[in-house]
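Alright, structures below, take your time with them.
One chain, chain A, links the two complexes that follow: it is found with chain B in the first and with chain C in the second.
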Partner chain A sequence: MRDFSEEELERYSRHILLADVGVEGQDKICAARVLVVGAGGLGSPVAYYLAAAGVGTIGIVDGDVVDLSNLQRQILHGTAEVGVPKVESARRKMAALNPGVQIETWQTMLCAENILDIVAPYDFVIDGTDNFAAKFLINDACVLAKKPYSHGGILRFDGQTMTVKPGESACYACVFHEPPPAGAVPACSSAGVLGAVAGMLGTIQAAEALKFITGAGTPLFDTLLSFNAKTMDFRKTKLKRNPRCRVCGGEGIARLRDYQPPVCDLKG
Partner chain B sequence: MTGYAIPSSVHDDFSTFQRQYADFVSGKLDALAFKTIRVPFGIYEQRAPQTFMARVKLTGGLITPAQLAALAGIAQDYANGKIHVTTRGGAQLHDVKVENFLFVIEALHRAGLTGRGGGGNTVRNVVVDPHAGVAPDEVFDPTPHALAMTEKMLARKDSHALPRKYKIAFSGSAADRGGACFADVGFIARENGKARGFRVYLAGGMGAHSRLGTSWLDFLPESEIFLFAQAVKEVFDARGNRKNKHAARLRFLLEDLGEETLRGLIGEKIPQVRARGGWELSLPEAFAPPALDAGPTPAASPEEALWRRRFVTRQKQAGYYSVKLPLALGDLPAEKARALAEALSAAVPFDETIRFASDQNVYLRNLPEAALPGLFPVLSAASPQTQKPALLGDIVVCTGAATCQLGITVPRGAQAALEKRLSAAELDLDALQGFRLNLSGCPNSCGRHEIADLGFFGKASRNDGVLYPAYNVFAGARTGDGIARFARKVGEVAAFHLPRFVQAVLTTWLAEKPGYADFADWIDAGGDRIVADLARRFENVPAFDDDRNPYFDFQQKEVFSLKGRGAGECSAGMYELIEADRKALGAALKLPEDTPENLALIRLLAARMLLVTRGEDARGEAEVLAAFKKQFLDSGLIDAEYLPFVQGPPRPEVRRLAEAVVALYGTMDNTLKFAGERAREATAAVLADAPAGRVDDAEKAHRCKDYRGVACPMNFVKTKMDLAQMQSGQILEILLDDGAPIDNVPQSVKGEGHAVLAQTREGEAWRVRIRKK
Partner chain C sequence: MRIVINGDDKTFAQGTLSISELLEIENVSQPDQVSVQVNGEFLRSSLYGTIRLKEGDAVDFLYFMGGGR
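Up next is the complex of A and B:
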């Protein structure tokens, strides 16, 4: 058991007060390592809440620099930081919020070649990307490396998320098989998205990570949660692992490949 | 309009009382259980075992001549033959025997009087300005409102089991002679156009923590006074502190919640009470005596003329007079009361003639001038105070150390000496009519020093190591709507010099008086500095060996001492002594030289500083060191390693001893207990509480933590931290503050599956034992 300082006891008191978290749960949070892929609309709230919660080590991957059009939803970045690498801007905000957490930045785009090395040291991965190629790559890598992770996606007024425990619960490919053909579905950066929807979904993902770390409650395993912010309808869809899933079923995949278009060329 | 009507519920309550009284007498009900039943009926036990005091509710002090005669009869038959006027304008009968309870209550009920709500945590006697209905300055007579309020409150069950007492006061004018500004709920009459209503003050009161009422509403229509008072009462009932009676009054709730929150709660409650109905009042007509043709004024003897100047005032009703009957300490002998009742019945054809007042005097009213000559001899016989200037009869004192455990000095003795001195002095005391001179024996406000023109509270001072009785001096209180304030401290004087000091202040004030509206004005305009200068002349006393007189308190046969004066709730007098030594010690420690003189001084101050907390007042170095050894070293409060330094010539190590004493002082709480002591007592309490056979080593706490001063929810957070670090089945002991912490933490601990083994009160705090799940 970690020896909490007075300052930490006070900072995390509202976690410790929770019967399902308590000192033991906070101890796990402080020892946890979480990787957030993408420091954009989803990654902003996720990384910020995880830093606030005291997650011991937070990795954050993003190859982009801050663009003025990001600021409508990517709340980790400020106007003065346009042109600054997103991971750098994110690190500043997170460190200011909670100097007690370790922040590891990866200023790169994930691709088949680098992803396994990057996810290796973490206990949990958050998918905060904005395109199908990246989402499938993350799913494949997490299945291969047996890393539990939270999938998230938003478009216009809609959001969806599921939490995956490779080998035990349905993976992203069990449900969605393959990325849609290029151009069939617009990325949110080109179709538009209500900024707050990013916050709604990102905070759900952060909560999932914390639930997983502490063991409190039931994560969204085998469950797809989707909502529409216009009607505020939330829906849960029960999922089942596909025994013949090309990624996690049968023999599964042996090695990674980049989906088209190449992830590394995409602007986040 | 001659007093309240007793609601039928009180008679029902009395039937219950009779049954339980029978059980008590036959031994089926124990004394403690019966206490909770008799106290709300106004029956308290006195100091002598098996003798009781019966309190009688008199709303606004109203009592008819017939009731006064009946009360006199009860006092003669079942009590000590005196009627005592209380500080809420009610009455008390003393020395009532257990076997006479029922007779007393029945006789009171026959006379239309009751003690219900006379004591305990109830709605207390409603106070009204004793001049209500006759004062020329009043907006209207609030007596009917007070009566209607009393009847409504008496009839409700929820008025008799509150967190603490609940005091209501009414004034008819901005002069606030009813003390609305110092009440839990105070009403001051106002008119808004033609509509009658009241300005409302809330959460005032006097005590160890006095507070002026907060101006709550500018105008409350007269029809809604009960609605409001009931809503406040319900909020108080639901939220008041039932654990610590010393911090339970409405004023503590206000300070706890903040004004805004309390306003919110009351604001939510009012519509609920309104919707329930039953809050509507039927206000009786205010009494108006029949118009008089003023006849020729009969010539008065010189004695009667002097009495008239002192105690008789003209009413707003032409031809009618009010008369003050000053009483020594509020006592009216029964036979004098009966004579007074008969004289009044003969003099006027109506009952509205008597009011008992919260200044513990009786006020007569609605007397035609023709009735005065006949009343003069009756009143002169009723109280010797009628032959003295009003100032002397008006001096307020508490009982002080003579009978009160909290008292430090004996203000009744001071008052007697003061009266003697002032009577002999060439002072025009009649020109000082209305001057408020009040004395308390300790910082509590029983002697009302905080609302005096010149007020005093008792303390202990020290001259050359020897204690002597002294008083802190307060000056310049004001009462009145919007201007009320407490008196402020201007200095201190030796008790021995108090009479001469008061004489000096009054002489000065008489000379200054023509230039100022009142004493408070003079105090504000620089009079405070003059009074402070005078006080300094009377502050010091000669050395003990030169003149021992100042070291005796008035009327006491032994040298003044705090010995045996334990840790009361009012130890402020002791704090001053400790602080004085601590300051001197600090100064001595700053001197770098280790001269034998300085080291000896350090050792003496360090050893003496905390002795008063043990009820010791040793004199002389040898005595002080011996007492220190016994109280602090032998008891283990100070580490025994210092033992060598209190023996023989002082050594430089006494500096470390001094630091240890100051550190120990830092752990002292306001019951004058130190950290080590508290832990020991708590362990003893837990051991005493534990069921027999379970007190073994396994029951000893594995961890003890002091979370006093740690607010919610951090105290629970820390408790969880402790439990997380312990093994299942181990015992954790924590100290928690009273109030929210003790209300919440054990509950939350249980909620997480741990066992709460014991919860024991410890001074202001609580000790809680927990077994980890």
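Up next is the complex of A and C:
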């Protein structure tokens, strides 16, 4: 086990106090490698809480620069960072919060060609993207690479998330099969989203990653958690793997392909 | 006819309903916006017009949510 310094024991004391985490759990967190795809509405709270938690290595993928319209929800970025690459802005905030974590950045958009290489060195992946092409690509890559991951989606006052253990629990394509036709489902950039909803869902995804790493509790495997922030109704829908799933069932997929260009523009 | 929709019991005057008819009654304006699970099995959208629901069936409408940034 890692030799925790006095400063680390103090910093992580509230984790260490948890019976389900303890020094052993914190040791696992400090040794873990998590990839956050998208440094936006979901990626911001996820990456910030993972940095606070002391996740040893956090990768961030995002090809965008900070836009003024991002600041209503993307809490990793500040007014002074408008125009700065999001991965750089994210790195600064996370390093200021916890200099003990390693931050690896990719200022790029994921595609079928690069995703497997980027995902390979990580233990857990967070989907914080804003379009179905990316969400299905992340699912496919995580199934191929057998990487556990957290799906997240938000729109207006609603959020949904599920945690996937490829080969064992239902994958995103078991539930949603394939991207909806262009224009069928509105995007946040046209329909809007309550900023705090991104925070609600992102912190659930961060908690799922930490649960997976430490083994505490039961992750949202075979379960879609959805909520509506207007009524504050939360609901869990039980799912099961589809043996005929075009991605993880039967013969499944052998290689990746890019899906149709996203329904919403990439600037989210 | 009683159907459990997203966990809630609902009673319908109709004696028989297809998924398409139920989507319409439940104000799902575009079937492409949801994935539909009946008694734990996901249905292809090509079957929405032909599958008839039975008394007590559990139907989940799971909405596509593509946002995140």
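Note that in this section the second predicted complex is superposed on the first by the 263 of 268 C-alpha atoms of A that agree within 3 Å, B and C clash if a C-alpha of one lies under 4 Å from a C-alpha of the other, contacts with A are read in each partner's own complex, and residues count from 1 in each chain.
Note that a contact is a pair of C-beta atoms (placed from the backbone, for glycine too) under 8 Å apart; a residue touches a chain by one contact, two chains touch by 3 or more.
Everything quoted here is computed from the prediction, not taken from an experiment.
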Inset, instruction - Would you check which partner chain A:Gly43 touches, where first means chain B only, second means chain C only, and both and neither mean what they say? - result: second
Inset, instruction - Go through the superposed model and pick first if A:Thr203 touches only chain B, second if only chain C, both, or neither. - result: neither
Inset, instruction - Classify the contacts of A:Lys135 with the two partner chains as first (chain B alone), second (chain C alone), both, or neither. - result: second
Inset, instruction - Mind working out whether A:Pro181 is in touch with chain B, chain C, both or neither, as first, second, both or neither? - result: second
Legend entry - Which superposed partner A:Ile154 touches (first chain B, second chain C, both, neither): second
Inset, instruction - In the overlay, answer first, second, both or neither for which of chain B and chain C A:Thr108 touches. - result: neither
Inset, instruction - Report the partner of chain A that touches more of its residues: chain B or chain C. - result: C
Legend entry - chain C-contacting residues of chain A that also contact chain B: none
Inset, instruction - Mind listing the chain A positions that touch chain B in their complex? - result: 1, 4, 9-10, 13, 16-17, 19, 22-24, 27
Inset, instruction - In the complex, go through chain B and note every residue touching chain A. - result: 713-714, 716-718, 720-721, 723-725, 748, 751-752
Legend entry - chain C residues within the chain A interface of the complex: 6-7, 30, 32-33, 35, 37, 40, 42, 44, 60, 62-69
Inset, instruction - Give every residue of chain A touching chain C within the complex, in rising order. - result: 38, 40-43, 70, 74, 127-132, 135, 152-155, 158-160, 174-177, 180-181, 184-185, 187-188, 193, 198, 224, 226, 235, 237-240, 242, 262-264, 268
